Structure formats: structure tokens, C-alpha cells
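Look at the two complexes coming up: chain A is in both, with chain B in one and chain C in the other.
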Partner chain A sequence: MKLHVNRDLLSDAVSFVVKLLPQRTTLPILSGVLLDASGQTLTLSTFDYEVSAQTSVPAEVATAGEVLVSARLLSDISHRLPHEDVTLETNDSTLTITSGQSTFVVYTMPVDEYPKLPTVETWSGEIDAEEFATAVTQVAIAASRDDVTPVLTGVELTVSGDSLTLVATDRYRVALRTVPWTNASDTQEISALIPARTIGEVAKTFSNQGVVSIAITNGTDHDMVAFQAGGKRVTTLLIKGNFPPVTRLLPESVPNFAVVKTTDLIDASRRVGLVLDRESPLRFTFSLDGLLLEAVGSDQAQANEQVEAFLSKDDVVVSMKPQLLIDALSHVHTEYAKLGFTTTDNPNKPGPVLITGQLAKDQVSDDNYKYLLQPNLLLR
Partner chain B sequence: MSRQVAARQTSSVDVDDGSAHILHVDMDAFFASVELLDHPELKNQPVAVAYDGPRSVISAANYVARRFGVGSAMPLAMARKRCAGLVVLEPRGHLYRHYNRMVMDIFADITPMVEPISIDEAFLDVSGARRLFGSAGAIAAQLRERMFSETGLTCSIGVAASKYVAKVASTQAKPDGLLIVPASRTLEFLHPLPVSALWGVGAVSAKKLAGLGLDTIGELAETPGRVLERALGAAAARQLSALAQGIDPRTVAALTAKRVEKSISQETTFASDISDPATIERYLLQLSQGVARRLRHANVLSSTIAIKLRAADFATASRSRTLTEPTAVSRTVAEIATDLYRASGLLGRPLRLVGVRAENLHAADGGLAGPDLLWDDEGKWRAADATLDTVESRFGRDAVLPASLLADASLHPDINRKGADGGLDT
Partner chain C sequence: MLKSDGSVLVHADGGSYKPLNWMSPPCTLTTMEPDEELRGLGVVELWRVQHAKTNDLLVISIFEILSDTSHELGIDPGLLKDGVEAHLQELLAEHIHTLGEGHTLVRREYPTAIGPVDILARDASGGAVAVEIKRRGDIDGVEQLTRYLDLLNRDPHLAPVVGVFAAQEIKPQARTLAEDRGIRCLVLDYDELRGNMTEDNRLF
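This part shows the complex of A and B:
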């Protein structure tokens, strides 16, 4: 194999395929990047049997061929090459990278032992890349970071007709968002449980690519989802297991609610929360006078702050962990936020709080973003 | 066996001169005696308590059996060689715990200063009880009478000014005896005894001491410290010298406040190695239930569940998992234990021992209620455990069992205890 390629194109391509590769792979060979030169393109691929990434860049190919080298090493090298003209050439068991006055000789790994990347037969449909990126960020925040319950580390993606719904939960909160979707074929309703980290990276990387194509294969031995945009493709195996039916926890309507200015409540929660341990809840008292935030129960300091709030009906007192509330408020992307207070059979035990976006004091957001937060038991 | 036992010594109550205030109470052949309460016809026959299996060792032997040279921790096969007519009874742990509680209750009536050493022995500091009940010797005599009349069991008691001398005294008084060693007569009592009666002298040290020509405690007491140091090392030499002088500064450490456990665990050794994963998993389920039950009784939650697997070649593997939400739910503990086993790489390998351990314990502040979650997977299991705990407190442990543990003759007897012996255990 021998070819010339532009340094910046190479460097971008390598960063993309290396990004989703785990720090440590089970087999050394899986830490490699497969370079395939043919026609007028150089194709780069990584695959660890779980996640694959592939992209192509234009190149001047003198001799076609394939070579497998350490992905991280190639990434480090390509970022620092001195000249924009880069030559890649294989000898027996090495790849020589030449750029300007610098030369690297990298040992290669056996190509024939490298696994074949999964292929995609049919695409399920398409979605606006920017909208997809926003929705994924809004929902993935609620996914569990704890491997103890693997299904909760995923984002559940469901396509049905002309909408795509994303849901995630860590049992403390549920986040849900629905976005428009263009069905490619006559796909029936289909779901995929995708590792939150992977879908987060994919959405971010593809956000400026216009349109993302998605293919879901579910109900086979190798359930997977594929994303493709702008010549880049990512596939990942789905998380096995049943996602809990959390959408039914979301109430249809909540008659008792308060509307607050989003940034006001974020700032106040951060300030008052300063005196608390990370895991301790703040007390929120909503009344006709507005909202009072109080940090009590710390042995070092106490704090409180009054924030303007518009309450629809009855006074409410709830305890919530500030970070979980801030996660919601920083993802509604609206000037105002609405907090709906559900009730339980026990009058002393408030039910979950439904947080949604609000364009103005009296104008509901139409983005369907819902974030349901379980309050903590009140400290007396 | 290796430990020489000098002729039995006892004393009458009036030997007490007021200097002795520590009692060492040791139940006589405890497990065997408890079993004989149910089998009075075997009273004059050699009886041992042990599981009947190829690797079994004797848990306890009555004094008739001991005359044949049968003793605790002896392999059953050897015991049968020494005593052909040995009657072997299966251990019933719940019975021993029941009698242990009765015994501890009797102690508690006398003094709160009770330090249990094991299921069948304890130290009592009666210095505060003497005004109420008379001298330490009189208290010991009353205690022995009360023990027999309330439980039908006999015990031996040593009374002395230190824990160590009290312990040696009870050994000398066995069985069914009382020996009071006033402070002034401590050395007179200790010095004729063999060095093996000293705490910390096992077979190896005894051999080293014999090499120096030291057979009795008195000879050891007269030996210069540096000679002992060369033979035993500085720390051991210092300790033995002190003990030989009857000096033991340790006080009776009463369990006044409830002890906070660092971990709670249960394990079992199989009569013969087991490789069948389904059988191993049933053991893990049973052990998990025991561990979770003890978590609930102690009102604590565990954040880390671990298992221990010992292969036939004694290679021992531990696996653990830390949880987001601490638990005391039997099913959760069992699920994690099973998962850990399946992922251990030892699936299908012959094992001789399995164990389940709960670590990282926290007080269950809000009782055992669930955390603040949107939904609670454990809720119904927590309710089930509460119900089972109530049933067990009325009808005995294992009155209700998971179906997979019902009437499975292949399981170890202690593991596969049936509900029939209920009522005593809580």
C-alpha cells in the first residue's frame, strides 16, 4: 500500500474512529485501526466487537492495500505531523509515515486476524442531525452511570410512524423527548437500547452533518444500531434486557404547577446548595409569595434565597437534590421552566415533579421535553 | 491427646478470700450435653456430635466418649477407630443457639459484665455483684445450681483474680466442678501445671520448651527471660513469663453496646466437592438468605456483596460487587451472589467451600424502607422478607423456604434444615 493524503483530513478521520474505542481492549488487535486504500479513497475502521466506526477520506492512491496499526499511536502521530502532505507506505511488517522532514516507522498487526465490521442492509429512516443531537443530550443526562444495572446505562430509542422518542432513567429521574423522524421504509414500531455514552458521542459528532440515517436491527443474535452521516458511520451492539416501562410514570397533566425563570432557579439552586453535601437535598417552598429555597441540615452553614415564581394553585413543599434539578433546568432550553407537582396517597409525601420547558410565563414549549424527578423525603 | 490434663481439681466455696472476682464459665461438652437432653437413654454411652460424612470432624464428645480418647476437632473416622461403639448425632445448630441464649440470660441476671468467648464459654466480672449475691465463690456455686435446674446442663467454673487463671482453673475443674484460686494461692496453683496449660503454648512452643527442659509452668517461671527469648522470640517470651507469674492485665470486656459488625458472612464446606452449577447456586441462595436475614436483624444495609469460592485444590477466589443502593433484601443478595458465581470463571469447577459476605454496612436510618426512587424494584421483595421474618420468628427458621431449596436430600444437612425443628429458634 502506498498513498498520499492531506494531514488535516487524515487527522480528523483518525480522531473520529479512535474516539469510541475503549481505553483498553480485550484483544490487542482490537486496539488497531484498519487502513484500506483503494480507488481514490482511504477508508479507516475500528471495531471492538461492540462498537465500530468507519470513515473515508480522499487520497492519492499509488498502490492499493490494507494495513492494521495501533489506532492511538496513529492518532497521536497524525495530530503532530509537520507538513500537510503525508505519505503512507507499507513495507514487510511496518508502515512508514512521512511528512516534511519527519518519518515514523510503525509496526503493523496482521490484517487477516482483524474482525469484519458489521454491514447495514437497510436504513430505518432519517432525522435532522442538529435536532437529534439536542434531543440526545437532553435525555442522556438522566441515564445511569452505574454498571450495576446495565439496562439503565442506555438510552431507549423508539421509532414509530413519523416520530422518534428517546427515554433514559437512573431511577431518580426520567427524561423523555420526541423528535420528528422520516421513515425510510415501511418500518413498524421498533426500539433499541443504546449505550448512553455511545449515542452521546455519535449525536455530538454528527450534529453538523445535516441529516443522520439510522438503521436498527432488533430481534436477531446481533442486535445493533447504525448511524451514518457525511461519510461517517458508527454501529453499536444494543444493551440486552428489557428497559423498564417508565413512560407510563409520566403524568398526562399536572393541575398544580409553578412557573419560574430558568436561569434564576439554576443560579439560586447552585448558590444555596453550596452549604450542602453533594448528596443532600434542598427544600423548595412554593407559595403565592414565590419560591423559597432553603438549605438546612448541614452542621456548618445554612442558606436560603427567595426566587420569583408563579404558582397555579396550592402551596407546595418539596425536597430535591439541587444537581438533579439543575440537570433538568439546563436542558429545557427555554427562558422559563414549569414544575408540575404530582401527589401521592400520603398527603405528607409529595409525588414526582414534572419539569418541562416554557417559552413565556403563559406559553408552553412545543418540544415535548419531559423530565420527571423523584423528590426526597422532607427533613423536619 | 497432646494436651496433658492433670488430675481434676475442685475446691469448696469457703476457699474464697475475696481477692478473686473473675469467673470463667465453660459448659461441659456443650453440644453433646444438649443432644443428651433429648436422648437421656444414651447418657452412659459414648456420644459424639458430628455430621456423618467422609470429611467430618467431631464438634463435641461427651465424657464417656472422651475416656476412649475421642475429642473435639478429631476426624470422625479416627474417633470411630478409637471407639467402636461411638453414637454419632447430627449437630442441630439452632438448639445450641437456643440454649446459649438461656445460658447468657442467666449470666445477665448476675452481672452485665459478661464477655462471651464462644457459644459455650464466657468470662464474668462479679466484683460489682458481690454485695448482692455474696462472694465470687458463692456466686459461682449458685450459678452452677441454677444452670442445672433451669437448663439441665452442667458447667465448670474457675474463679480467680485474672482471666487467664480463671480459665485454667475451669479447665482443671472439668467436668461439673468449681475451682476457686484466691490471689494469694495463684502461683501455688499454676506452677505444678504443665506448660501446655499456658495460653499461647501449642504443640510447637511446647516442643521448644521441652527442649529447654521446661515441663511445668513453675520451671518456666524460674527461667531467665533471655533464655526464653532465644527460644520463642521476645514478644512470646514476655507474655509467657507474665502468665507464668499469674499476671494477666486484661479485663472482662462486656458487650454493653451492641457491637457494630464490619461484615456479615456465612459459608459452608461440602462433604464432598461439588461442581454442578445448579447445586452450587442453591447453596448460594441459602447462604444469601442467611446473610440478608442477619443484615435485617442487625438493622443494617450492605453496599457490597461478595462471594468466596474455594476450589478442590484449596485455591480460593473472592468476587464482589458494590451497589448503588444498599440492600438487606434476600433476593437481591442472592441474585448478586449468583451473578458473581456465574462470572467467576469457576462455573463447573469442583468446589469444596462457598461463602456469601455482605460488607460496607450502614445503619438503616429510615428503617429498612426504600430510598427515594421513582419506582422501587425491591419494594415487593422487602415486603416479602418482612413477612417471612415474622413467620420465622413464630414458627422457626426455614418454616418457609424458596421452592428450589425444598426437601433436597443432596444438600448438606445444616443447609437443608427443614421446618420441623421450629419453635425454638428465633
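This part shows the complex of A and C:
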């Protein structure tokens, strides 16, 4: 194999395929990147039996061929090459990388031991890349970070007709958003449970690529989802198990609600929360005078703050962990936020709070973003 | 049972876990031939265990030796605290709100002159709380906590100290004694603590 390629294109391509590789793999061969030169293209691929990444860059191919080398090493090298013209040439069991006055000789790994990447037969549809990236960030925040229950570490993606819905939960909160998409196949409703970290990374990387194509293969042995944009492709196996049916927890309507300025409430929650440890809830009292935040229970200090808020009906007192509220407010992307209150039979146990965006004091946001949060029991 | 430090213990065939009779070291064991009268009763060997510093004497009449083995066990590693109990302490310390809202942790294994208290905490109004943690809460545990509370309440910086007896399962007599002494009983759900959850703010 022998080819000439542009340094920046190469370095960008290697960074992409390496991004999703785990830090430490059990099989050394899985730390490699497969380089395949043919025609006028150099294709780079990585696969660890769960997640695969692939991209192609234009190259002047003198001799076609394949080679497998350490992905991280190639990434580090290609970032520091001095000259933009790079030559790659294989000799027996080495790959020589030349650029300007710099030469690297990297030992190769056996190509035939590297697993074959999954293939994508048909693409299910496509979605605007920026909208997808925003929606994924808004929803993935609610996914669980620990692996006590694997199904909660994923984002459930459901396509139905011309809408695509993303849901995630860690039991304390549920985040949901529905966005429009272009359905290319005539599959009925189909769902895929995708690891939050992977879909997050993919959405972010593809956000400026215009359009993202999505393929979902569900109901076979190798359930997987594939994302493609701008010549880059990622596939991942789906999380096994049933995602809890949390959409039914969302209240139909919230006649009792409060509207606050988003940044005011984020700042106030952070400030008042300073006197308590991260796990302690703050007390939020909504009345016609506005919103009073209080932090009590620390033997070092107490704090309180009054924030302007418009309340629709009845006074409400809720106790919430500030971070769970701040996560919601940081992701509504609107100037105002609406907190909808629900009740239960027990007066000491308030029902979940539904947080949505508000473009203005009396103008609902049109992005269908919903974040449901369960408050703590009130202090006696 | 004869231990390498000289102690001798006699155990029942079943049931109880404490020895029926014993002699603590320093002591000396002498085997003796039974006299005619005892031999007539069936005694084959007498063990005379004399305490070195007092007049304490234990005489054991052996009727039948079914097995006589000895084992070198090497250096005594000391008693390791039960895994689950130590973990319960760790979990409760991490989720101190299980004691109640507004509780904060002061420290684990708070030292006292008679041994460490599992957890010392402060409640929402700043009052001191001493917690004794057990897997199975029985009367001995309540007595132990009572001793700690007596001692801690003599410290003007801490008093008044209230007690919480926390266990996965609390025996009825232990609970009666505890509540009679103003000690709160708290049943710990190990799985729930380990699952990192405080029930009240989960959606499902």
C-alpha cells in the first residue's frame, strides 16, 4: 500500500474514528485503526464489536492495500506532522509515515484478525443535524450515569411517521423531545435504545454536517443503529432490555404553574445551594409575591433569595435538589421557563413538576421539550 | 477445645454459641488417671485445669474420646468485621439523609473511651445523633448504644446526644428496650441503600 494524503484531512479522520474507542480494550487488536486505500480514497475504520466508526478522505493512491496500526499512536502522530503532504507506505510488517523531514515507522497488526464492520443495508430516514444535536443534548442529560440498571443509561429513539422522539430517564427525572424528520422507509413505529454517551458524541460531531441519516435494525440478532453524515458513519449495538414506559408519567395538562426567567432561577438556585451539600434539596415557595428559595439544615449557614415569578393559581411549596432543576433550566433554551405543578392524594407529597420552555411570559415554546422531575418530601 | 494460649472451652452438642464452661489463660492443664470410683462410673481420663493467678479450678471428666486432633493455625489474624455490617455503615454514612431530612455526617467510627461509635451525625437543628449499626439488632446492641450515649452525654460540646439504633432487622425485645430508653429504632434496607436511592424523589 502506498499513498499521499493531506495531513489535516488525515488527522481529522483519525480523530473521528478514535473518539468513540474505549480507553482500554481487553483485546489489543481492537485498539487499532484499519486503513484501506483504493481508487482515490483512503478509508479509516474502527470497531470494538459494539461501536464502529468509519470515514473516507480523498488520497492519491499509488498502490492499493490495507493496514492495521495503533489508532492512538496514528492519531498523535498525524496531529504533529510538520508538513501538509503526508506519504503512507507499508513494508512487510511496518507502516512508514513521512511528512517533510519527519519519518515514523509504526509496527502493524495482522489485518485478517480485525473484525469486519457491520454493513448498513437501508437508511430509515434523515434529520436536520443541528436540530438533532440540540435534541440529543436536551434529553441525554436525564440518562443515568451509573450502570446499576443498564436500560436507564440509554436514550430511547422512536421514529413514527414524520416525527422522531427521544426519551431518557434516571428515575429522578424524565426528559423528552419530539422533532420532525424525513421518513425514507415505510416501517411503522420503531424504537432503538442507544447508549447515551455514544448518541451524544455522534450528535455533537455531526451537528455541523447539515443532515444526519439514521438506520435502525431492530428485531434481529444484531440490533443496531447507524448514523451517517458528511462521509462519516457510526454504528452501535442497542442496549438490551425494556425501556420503562415513562411517557405515561407526563401529565396531560398543568393548570397550576409558575413562569420564571430562566437565568434568574438558575443563578438563584446555584447561589442559595452554596450552603448545602450537593445532595440536599432546596425549598421553593411559590406565591402571588413570587418565588422564595430557601436552604436550611446546614449547621454552618442558611440562605434565602426572592425571585420574580408569575403564579397562575394556587400557592405551592416544593422541595427539589437544585442540580436536577438547574439541568432542566439549562436545557430549555428559552428566556423563560414554565414549572407546572401536580398534586397527589398526600398533601405532604407533591406530584412531579413539569418543566417546559416559554418564549415569553405568555408564549409557550414550540419545541415540545419536556422535563419531568419528582420533588423530595417536604420537611416537617 | 484447647487453644494455644492455654484456654480450655467446653461446648454443648447443639444450640448455644457460647461455651458452657471454660477456663481463661493463664492456666495449666494436667491430665490425670481417674480413681477407682470414677473409673467405675465410666470416666477414662480427668483433665484438671488450674488458673495460675486465682484458685479457679475446672475439672473435666472425659468418658469417651471420639476424636483428638490438633492443628497449627499460625498467627491469629484478629476478628475481621462482617462485610455487610461494615458496608452498611459506609452506605448509611453516604446517604445520611436516611436518618431524616437535614441530617449531616460528622464522622464514622467516632472514638470514645469505650470504643468507637459507628456514626456520629447532626440532625436538622444541629443536635448530635449517635448511631449504632448492626445487621441484626438485638438487646446487646441496645446496651452497647446506651453505654456510648452515657459517655457522649458527659461531653458538654456534644450533649444532648440522642441515639439511633439502626439494623437490617430489629428483635422485638431490643426495640422495646430501646424505645423505653428514648432511643429511636431505624430499619435499614440494604438493597435500597446500595441502589443509591432515597425513595421520596424517584418518579418510578
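Note that in this section the second predicted complex is superposed on the first by the 379 of 380 C-alpha atoms of A that agree within 3 Å, B and C clash if a C-alpha of one lies under 4 Å from a C-alpha of the other, contacts with A are read in each partner's own complex, and residues count from 1 in each chain.
The rule is simple: a residue touches a chain if its C-beta (ideal position, glycine included) is under 8 Å from a C-beta of that chain, and two chains touch if they have at least 3 such contacts.
If you're wondering where the values come from, they're calculated on a predicted model, not measured in any experiment.
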| item | value |
| --- | --- |
| Joint occupancy of chain A by chain B and chain C, clash or fit | clash |
| Partner chain(s) touched by A:Asp146 [first = chain B, second = chain C, both, neither] | both |
| Chain B versus chain C as contact partner of A:Asp362, first or second or both or neither | neither |
| Touched partner set for A:Ser298, first chain B, second chain C, both or neither | second |
| Which of chain B and chain C A:Glu121 touches, first, second, both or neither | neither |
| Touching partner for A:Pro375 - first (chain B), second (chain C), both, neither | both |
| Larger contact residue set on chain A - chain B or chain C | C |
| First, second, both or neither for A:Glu279, with chain B first and chain C second | second |
| Residue range of chain C overlapping chain B upon superposition on chain A, of 37-45, 55-63, 73-81 or 109-117 | 55-63 |
| Touching both chain B and chain C, residues of chain A | 146, 148, 169, 171-174, 244, 246, 249, 352, 372, 374-377 |
| Chain A partner contacts - residues on chain B that touch it in the complex | 321-324, 366, 372-375 |
| Contact set on chain A toward chain C in their complex | 146, 148, 169, 171-174, 244, 246, 249, 277, 279-281, 296-299, 320-321, 349, 352, 372-377, 379 |
| Residue ranges of chain A in contact with chain B within the complex | 144, 146, 148-149, 169, 171-174, 244, 246, 249, 352, 372, 374-377 |
| Chain A-facing residues of chain C, complex | 97, 101-102, 104, 122, 124, 126, 195-198, 200-204 |
